[in-house]
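Structures given as structure tokens follow.
First chain A sits with chain B, and in the next complex the same chain sits with chain C.
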Partner chain A sequence: MKKINNERFVGLSASVLAILCGLLFGFILLLVTNPSQAVNGFLMIVQGGFTDGMKGIGDVLYYATPIIMTGLSVGFAFKTGLFNIGASGQFAAGAFAAVFVGIKWTFLPAGIHVIVCLIAAILAGALWGIVPGLLKAYFNVSEVISGIMMNYIGMSLVNLLIRTSIYDQLKNQSLPVAETAVLSKMGLNKVFDGANINAGIIIAVICVILVYIILEKTTFGFELKACGLNTNASKYAGINEKRNIVLSIVIAGALAGLGGALLYLAGSGKFLQVLDVVAPEGFAGISVALLGSSNPIGILFAGLFIGYITVGGYNMQLYGFVSEAIDIIIAAIVYCGALSLLFKTLIYKFQMKKRNKNNKKEEA
Partner chain B sequence: MNILYFIIQQTMYFAIPLLIVAIGGMYAERSGVINIALEGIMVMGAFVGISFISIFQDSMNGQLLLILAILVSGVVGGIFSLLHAFASINMKADQTISGTALNMFAPAFAIYVARMVQGTQQIAFTDTFYISKVPVLGDIPVIGDMFFKNCYIITYIGIAIYLVAAYVIKNTKYGLRLRACGEHPGAADSVGVNVAKIRYSGVIVSGVLAGIGGIVFVVPTSTNFNATVAGYGFLAIAVLIFGQWRSNKILMAAFFFGIMKTLSSAYSAIPFLNALPVSSEIYKMFPYIATLVLLAFVSKNSQAPKAEGIPYDKSMR
Partner chain C sequence: MSYVIEMNHITKQFGSFKANDDVTLQLEKGEIHALLGENGAGKSTLMSVLFGLYQPEQGEIKMNGKPVKINNPNDANELGIGMVHQHFKLVHNFTVLESIVLGRETTKIGILKMDEARKKVMELSKRYKFKIDPDAYISDITVGMQQRVEILKMLYCDNEILIFDEPTAVLIPQEISELMKVMKQLVAEGKSIIFITHKLNEIKEVANRCSVLRKGKYIGTVNVADISKEEMSEMMVGRKVNLVVNKKEATQGEPVLEVKNLTVKGKTAGKDAVKDVSFTVHKGEILCVAGIDGNGQSELIYGITGLMPIEKGQVILNGKDITKESIRQKCLDGLAHIPEDRHKDGLVLDYTLQNNLVLQTYYSDRFQKNGFLKFDEIREFAKGLIEKFDIRCGQGEDSVTRGMSGGNQQKAIIARELDRNPEIVIAVQPVRGLDVGAIEYIHKQLIAQRDAGKAVLLVSLELDEVMNLSDRIVVMYEGEIVADVNPQEITREELGLYMAGAKRGVKNEEN
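For the complex of A and B:
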């Protein structure tokens, strides 16, 4: 038991070390580009969401919501040994479905309408996930390549559907959704003093808990993880690995699709743009999942952390820095996370030294 | 006939960068290291290469500048890929993680530096590299019209790179060793091959070629660099898998995709396609759908390198 605890401790401290190294790298970057303002700019990053009081914290939660969802999507698939690089396409499909239903199905009563929007997003995301899933399970097509293809197909298809159904020609974007389709603020905007926060973050947290329960407490989750660890062994143990592969990506797609709905139904003045750009939230989800080492709870905190320093990045612009510094820092953190072996051995060595010292003391 | 020439000339612009980068990716993967960072390395190569052009275009002109810029891009790509090699070979890291980190880093870095230095994100350059007709060769009937008109020197550099790379991996001692490290590193190690060294070389080759691929993609298709290569690094990975990690199939895959891409982006200049009542988005989707359908047929017997993505651990031999 003690050994497991120590492993967890070492794993956690390795993550913290990775974050510190990433921040240090960011500080050096700021120092090199503008030495006189570097300290101020860096303080802004570290203060992150706390700079603007409650509004800042609310904004952190708002930014974190979609990337927690895409992070869950990528992390869930990782657990089954699949790399869901297609989260972007699933995110876009979900976002479109939600916005479409939000604009067109105004005959639905208030209260029901927004729920139908969310369900539409979940279905659309799942539909976008089922294609790579089936191709992987029955045709042995790498989910990485089919995911990439589905991202581009999704991008163009969403653009086409927006232009033919819910198009605001003047602004080259989607029309605003009906009032009844906007996620409830639930009084949170009062608590957080005018931030863009809404019920989305609560839905995201519920999803985190659901994913945790599925993975850790159910037979189905156990089977999924078994497939991820060793496909042949799980096949031998009588697990239907094909079904599990499909279900895993479908659920991952549903999570990403719901993320799209949570962002575009937030009522924060964000519209679907008709651009030839694959949704960046999906790729952000990959780093969130990696930072949180594919653990749902870890993903929640990783999403919050990235939301936190993203707000810091906006504030940093006050001192003449470009907010992309945040992306550089996140990349550095993810990279350092990849070096966790290095950190872990360092920590083990440190612990050994300490223990040896203690032993010597006892001997003396 | 003119339309056919036009399609072939356009196809070159799209297919050559894909071909170079996918061949680079092949070197990394056949040595046993998954390099998902190709996109980021392309961005990095293109960023430094285009900056180089933009700085020196007043003092230098034409093809020499382009060749120097290509060299610079290659060197930068190679150096940048060292980060991935270090993480995945020395640190035995999960290769998708460090690759993703590089993919995130490159565009952010390019935007950051560009905006800090010149205030705007785009780096503009003047296209002085366009060749409307190659002397002598361009006068050959049919072939001259197809391959030696409206082109860039990079087309020929790209094909030369492909030929050399395909030859080296198939027919040299080094190529054999590289392939052995991707299939069964333990066996290679047992006969005295330095697996780490070979894998380093594989990743560096992929970095150099991806860096070159970055600038080769940007020069013919744009007049400014906006910190993106439009997902071509990921497409190159798709071409690599589509080509089953084999150089001759990669060539076909790259040109298949190049033709599809040409039809989808230049359809308005091709009369019989333009006449069809189909919207532009359908054409844009077409290359990707076609690839998916084809993949479903050809993927049953995947020939992926067996030890791909698995860090080599001597004690596990």
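For the complex of A and C:
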């Protein structure tokens, strides 16, 4: 047991080290672009969501919700040995399905309507995931290639469908969804003092717990992880590895799709834009999954952290920094996160040295 | 007596693990010096140090009495040290000649000049009676020939110190005796050879002296002429070993596994790796599939177990046709498989031992309820197997399998497979890479299965294992069964001829 705890400790401290290195890099960046305001700007980032009291914290939770979902999507697939770079397309598909149902199916009673929207998003995301899944399982097509393709198909198709069905020509975006399709605030906006927070974060946390239980406690998770760690041995043991590949990426797609719904049904004044941009939340999900070492609980905290410094980034604009600066800093942190293996080895080495020293002391 | 190479008090550490602990090896000019030790004793590490692949923490290397520093394989080559690796390092779509000169090409203003090289290679080939075709492609020649290419490569570079790393593992008896002749000729010409092996017969035959390693420690150096095989094996293992497997007379029963006209496609297109193979394994017998590596044995087993699709044929287990069944169903029907590659197929290395022990049974009612794993039950089950099969590992059932020794990993697989009480055990090279103690144990387990009236299908490349364990032998050559013989009625040499394809017995077994 001790060894397992040590592994967790090393994993956690590697993530913390990655974050510190990324922040340091960010500070240097701020120093270079605007030396006089660098310290103030940096303090804003570090203060992050705490700057505005409860409202700030509420906003952190709001920003974190969709990227926790895409992070879960990427992390879940990763446990099965798949790199779900298609989370963006699944996210967009889910977002569109939710908004479409939210606008068009007003015949549904309140309470049911929003749930149908969420289910539509889950199905759309899953559908977007099943294509790379089937290609991977039965034709050994890399899920990275087909995932990227599905991202572009998703982006263009969503743009097309918005224009033909739910288009607000004046604003070049989707129409607002019906009141009955908006996620309940559940009084959270009162607790958090007018922030955009809503039931989405609760759904995200429930998903985190569900994914954790699936992966750690069930036979299904046992199979998925076995396939991810060693496909050959799984096949040898009689596990249907093809079925697991498809299921894994379908579930990942459903998670990302649900994430899309949670963002666009938040009632925060966010609309589907007709832009030729692949949904950035999907890529943010990759960062979150990396930073959280694909562990559901880790992903929860990584998502919260990224939400936290994103809010800090907005506040930083007060000091004349462009909001892209915060994107670069997040990228730097993720970059360092990707190097976490290096940090892990460093920490192991450090521990080893310490142990050797202790041993020598004991000998002497 | 001066030494051409002295490795004095070498210590090489990986983390806290000492792969070599104060090891000394002194090679005289013109001798064949055997380096004996079990797998994991540190032989390869020591040679990697000599070859410049690793830097030792302590100790020095001297050449002709002068200290030398070997930082990389190029340094070693310049000092005239050459090595034939256990797994040949050849480029498959190169010709023999190209492979030999690779890295030492003679050129004129950047253009290859092969004529001189060809002359030198042919001279060498003639001198050692290698009968090599310089224009044949590596992928087309036999393993024995490939080894000759490797030897020529060393000679082409005028190496004086030659390292042979387990050179006989891939050869048939006839090829082995020819290799021994070549080695003797080489030392007669003044070259010096380090011969790495764990086969005592071969040491007895060619080596002058022998250094023994055990668990990274230097045990001693002996004159081969003064010591018996039993004493050598005792030095190697650290206790008395029973070199002969004891087993009762076989009592052959009804057929358990029938393979009929099985054909399996190979990895390269157009070639069948297994061609129309039929045989039967009966209750209470160990049927051994002998043959040189790469003659379709792996594909045969993959075909039977369902890991590879088959072209045609039938697999029948206890009268039931299981050809088209899923791997899981085959497993439930009583087919156990100890795979050839335990890391690739047998274990999820990053899973804990207990998870690996339930890899095929986690879904049974014993270990799950409504899709949720019963962790306590799994733990109890694993503890039981660990004790029953004497699997040794640091953290018991929580050990990560990757960190366990090869022998204990193999024991874990065997525990898992045999505990299911299978009808037939298919074991593919079950003792590959294991130490003598583990080999003894695994052989005993297989014989116990046989004595309990179960069937065992054993695929082995080692003639010793084939001769000692089997009750019946079929030999595979180029995807076909070329012999079906009784081990008591055949000599090793005759078996070697079958394995080399020089002789054919029955084509198909008579039922």
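General observations
In this section, the second predicted complex is superposed on the first by the 343 of 364 C-alpha atoms of A that agree within 3 Å, B and C clash if a C-alpha of one lies under 4 Å from a C-alpha of the other, contacts with A are read in each partner's own complex, and residues count from 1 in each chain.
As a convention for this text, contacts are C-beta pairs under 8 Å (C-beta built on N, C-alpha and C of every residue); 3 or more make two chains touch, one makes a residue touch a chain.
Everything quoted here is computed from the prediction, not taken from an experiment.
In the superposition on chain A, no contact is made by A:Ala266 with either chain B or chain C. Comparing chain B with chain C, the partner in contact with more residues of chain A is B.
When the two structures are aligned on the shared chain, A:Met316 is found in touch with neither chain B nor chain C.
Contact with chain C, but none with chain B, is seen for A:Gly238 once the two complexes are overlaid on the shared chain. After overlaying the two complexes on the shared chain, residue contacts for A:Val144 are found with chain B alone; chain C is out of touch.
Against chain A, the residues of chain C that register as touching in their complex are 15-16, 305, 307, 326-331, 337, 339, 344-351, 355, 359-360, 362-363, 368, 371-373, 395, 398. Residue ranges on chain B touching chain A, taken from their complex, read 36, 83, 87, 91-94, 96-98, 100-105, 107-109, 111-112, 115-116, 230-231, 234-235, 237-238, 241-242, 279, 281-282, 284-285, 288-289, 291-292, 295-297, 299-300, 302. Within the complex formed with chain B, the chain A residues making contact are 29, 33-34, 83, 85, 131, 135, 139-142, 144-146, 148-153, 156-157, 159-160, 163-164, 276, 278, 283, 286-287, 290, 321-322, 324-328, 330-332, 334-335, 337-342.
In the complex of the two chains, the chain A residues touching chain C come out as 1, 3-4, 217-220, 222, 225-226, 229-230, 232-240, 352, 356.
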